[in-house]
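Scrolling down, you'll hit the structures one after another.
Both complexes below contain chain A, partnered by chain B and then by chain C.
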Partner chain A sequence: MSLLEVKNLKITFSARDTSTEAVKGISFRLGENESVAIVGESGSGKTVTAMSLTRLLPPPPACKVSGEISFDGTNIGSMSEKDLRKIRGRQIAYIFQEPSTSLNPVFTVGYQIAEAIRLHFPEEKNVREKVVESLREVGILEPQKRCDSYPYELSGGMQQRAMIAMALACKPRLLVADEPTTALDVTIQKQIIDLLKSVRQKRRMSLLLITHNFGIISELCERVIVMFRGNIVEEGACRDVLHNPRHPYTRALINCIPRLGARGRKLEPIDYDKL
Partner chain B sequence: MIRYFIRRLLEAVPVFIAIVTAVFFMVRFVPGGPFDRERPVSPETLEALNKYYGLDKSLCEQYFSFLKNLSRGELGPSYKYGGWSVNEILAEKAAVSLQLGICALLIALALGLSAGFASAVLSKSKIGGALSGFSLLGICLPSFVLGPLLILVFALKLNAFNAMGWNAPSDAVLPSLTLAMFYAAWIARLARNGAIAETSRGYVRTAYAKGASRGRVYLVHIARNAIQPVVSYLGPAAAALLTGSFVVETIFQIPGLGRFFISSALDSDYTMIMGCVMIYSAFIIIFNLVSDLLLAAVNPRIASEMSK
Partner chain C sequence: MTNSETPPAPLIKVENLKVSYSIGAGLFASSKEKFNAVDGVSFEISRGEIVGLVGESGSGKTTTGRAIIKLAPVSGGKIFYRGTEISSMGEREFMPYRKKIQMIFQDPFNSLNPRMDIFKIVSEPLDIHFRGMTKEQKRERVGELLETVGLDKSHMNRFPHEFSGGQRQRIGIARALAVEPEFIICDEPVSALDVSVQAQIINLLEKLRKDFNLTLLFVAHDIAVVEYLSDRIMVMTRGKIVEQGPASEVCEHPKHPYTKNLIASVPKF
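Let's look at the complex of A and B:
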């Protein structure tokens, strides 16, 4: 049985008199301990899809979500707010794109991680110990000291590590990483990817990676879903899609990856008229 | 942090002296003097008065003797209220204004913050819209309209309070409400706009994503960020509230300091003017410093800037 099942998901945003369908009826599954990437350009609907999994999108009428999302057999859409809070963070945890704005600037990193633990394990006594442990797990040096640091005292890479520590603190079954490396520079990107990879192997947790970067998915994911303008255009094993893309959009996206050493080859922008 | 505090206080000293000096000379360049009356005084009397108060000396001499007295904390006699020293008047009147001001400040904070945050939380509903409309009304309604209105309703029609005077503790209710309303409304708008701007920030989404309730997100995460503009505003607001208000004190017949700000200038009561100016600028300096320290307590980043 799959851990996450999405059926005919439609997401529509409405402003005064216009409405935009960001996601146009997509369906996919994600198995226990499976790692899947959703790839697509900006505006393809991948981030809102990720947000809709725990109903993090603004409430109607601004945003309307239809279709069925079931996690471990329970329907997310019909859940009460209270039950949903038990899923958020505990079962499905998130990492966001911009670590500097995703952490609250006026609380210490330790406080924010401890908050996640206290929300889901109120009986836990050694919260601080757990926080230090989770910071150590994501490779933060001197975790005892860093616990009391404020986000602005950490570099971007460290902030993203702290975000990952916060997401992992409650041992979720599914980690949704929404462009976790986009805001970081290349060397830090590699570190974060390696970190996610090792944590996933150790924890045996499922991963849904949202990205526009084909370069990082082959390292992390087994399966890939390609989204374009709110639809899934291609889906398959990572290797097949990368080496043998069937849809022209996928081909165009893969063509956009800059390659080291490829002299004289111009980076090609996507020509939408051909699609 | 303590070094920052001391540095700010030391920085304030030259500012304070500059203000005092500027005002000292400015009031003396204004035509007319403290003893000009509608009925002319005989030249002999005027000369005697000027001699008695030291006003016959040169401006420079007067300035230095003023500074000398100031260093001992002496502000000299009032020219208008014979037999009273400015120190005595300030001590007695400022105490009343201070009491009134503290009540008004507390009301403004309590009303403003709760209305502001409530209207932010309910910003999409009709109640939120109504609250924000009320706060606009509070800003637009001048105290010389609001005061008599409150007297009419609560004192004359309902008989709940005295219409004027400053004898029983309940006498503080109507004037402090009148005084507080503008500030409450302004604080409500600052808090509301702050909170609404914060709701779209990334950390709010993070807080929801880890399972925090709406109440927790607002009270813990958003409140501490959104309160910062209110804290900055508190400095000048506190100084203005605590030094008294001419309008409110006149409407409610309260023996406070507010009216002296106006009357001393009209009477050219030089020593009294200096007293009022010094109290007001000292309050401004002190409360701006206090609000900066409060801001540092709320925002760790500002605290770290300060301890550099």
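Let's look at the complex of A and C:
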């Protein structure tokens, strides 16, 4: 049985006199210990899809979600807020794009990680020890010391590591990484990808990677889902989609990535009129 | 004439540039320590060239770019523009050079004033450097600029929040082009954008270079983007340039271990 199953998911945002359908009825599934990427540009609906998995979107009437999302056999849509809180962070954890805005600037990193542990493991005695251990796991040097650092004292890469430590501290079964490396330098991006890869292997955790960059998925994911204007246009094994894209949009998205040693090959921006 | 034998002076020449910031200084305590963000950097850029400056965050690449137009304090070394030293000039003397050297910033969300409409944003440099222009002339010029960067004339009455990231970056480029500069410093102009929009902006910069014979210093952390656009690449880390050469040479046969590391970090598929 798959860990996560999404059926005919529709997400509509309403303003005073207009409504926008951001996700137009998509279905996909994610197995236990499987890693899947959702790729698309801004506005394709990939982030709101990720957020709907634990009902993080604003309540109606501003935003209407329909369809069925089931996690490990239970329907997320019909859950009470209280039960949902047991899923958020504990079963499904998130890493967001911009580490500097998702960390609270007035609390130490250690405090923020401890908060998650205290909520989900109230019986835990050695919270600090757990925090230090989780920081060590994500490769932060001198975790005892860094535990008491404020976010501004850490570089962007270290902040993202701290976010990952926070997400992993409660041993979730599914990690949703929403553009985890977009705000980072390429060298740091590589480090974060390698980190996610090793954590996934060690923990046997499922991963849903949301990104606009086709370049980073092949190392991390087995399957890829391509989204365009709220629909899934292509789905398949990473290797097949990357080397043999069938949908013109997928092809266009791959062609506009600059690659090393490909000078002279013209970069082709996406021609939306043709799609 | 003997003069014609010597090659023309490079557009920009930087000699042993140093930028240092004090660390640990308080309101009253003077600092004892200095941090060299840029630590003795020398390079030349000829007219019409696109030179890429790559390095990770903290390497001093942005500071180097900013020091050229006095947005960062120069604490040592010299900067020449067509053979004239500009690093020691006062603000008044430097003014004409501000017209010749323009800058495009990284984050199009923070570099446009949200309270100004696009006409105001793009025409502001004209108010300073082309004082004689009438309002009609300005409107015409702004419309022309917006069309050059692939936007519509009618967009000039809108405000920044009505535009997407890529469109905002185009507005930033139009503003830089407004005063007919010779040299543009592009500070990570595409890092905040989606890959598809990134390709549009890169192609736009390439086209503008051809149309206006512009010289660009292209600062970025992604060596794949830099290789695509640049004639020459300079690699910077810890305040120093560790390697420089023709783009294809640096990317195919990197010599310095840091360059090799940068190249290895580019995702492959």
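Here is the rule we go by: the second predicted complex is superposed on the first by the 275 of 275 C-alpha atoms of A that agree within 3 Å, B and C clash if a C-alpha of one lies under 4 Å from a C-alpha of the other, contacts with A are read in each partner's own complex, and residues count from 1 in each chain.
Operating definition for what follows: a residue touches a chain if its C-beta (ideal position, glycine included) is under 8 Å from a C-beta of that chain, and two chains touch if they have at least 3 such contacts.
None of the values given here were measured: they were computed from a predicted structure.
In the superposed model, A:152 lies in contact with chain B only, and not with chain C.
Shared-chain residue A:21: touches no atom of chain B or chain C.
When the shared chain is aligned, chain B comes close enough to touch A:119, but chain C does not. In the superposition on chain A, A:32 makes contact with neither chain B nor chain C.
Contacts of A:98 after superposition on the shared chain: chain B is touched, whereas chain C is not.
In the overlay built on the shared chain, the residue A:88 is in contact with chain B alone; chain C does not reach it. When the two complexes are overlaid on their common chain A, residue A:215 makes contact with chain C while staying clear of chain B. Looking at the shared chain after the overlay, A:41 reaches chain C, while chain B stays out of its contact range. For the contact definition in use here, the chain B contact set and the chain C contact set of chain A share no residue. Interface residues of chain A, counted against chain B in their complex, comprise 54, 56, 81, 85-90, 93-94, 96, 98, 101-108, 112, 115-116, 119-120, 150, 152-153, 163, 166-167, 170. Per the touch definition, chain A reaches chain C in the complex via residues 41-42, 155-156, 185-190, 193, 212-219, 242, 252-253, 256-263, 266-270. Residues 56-58, 164-165, 194-200, 202-203, 221-225, 227-228, 247-248, 251-252, 261-269 of chain C are the ones that touch chain A when the two sit in their complex. On the side of chain B, the complex with chain A involves touching residues 201-203, 205-214, 221, 224-225, 298-301, 304.
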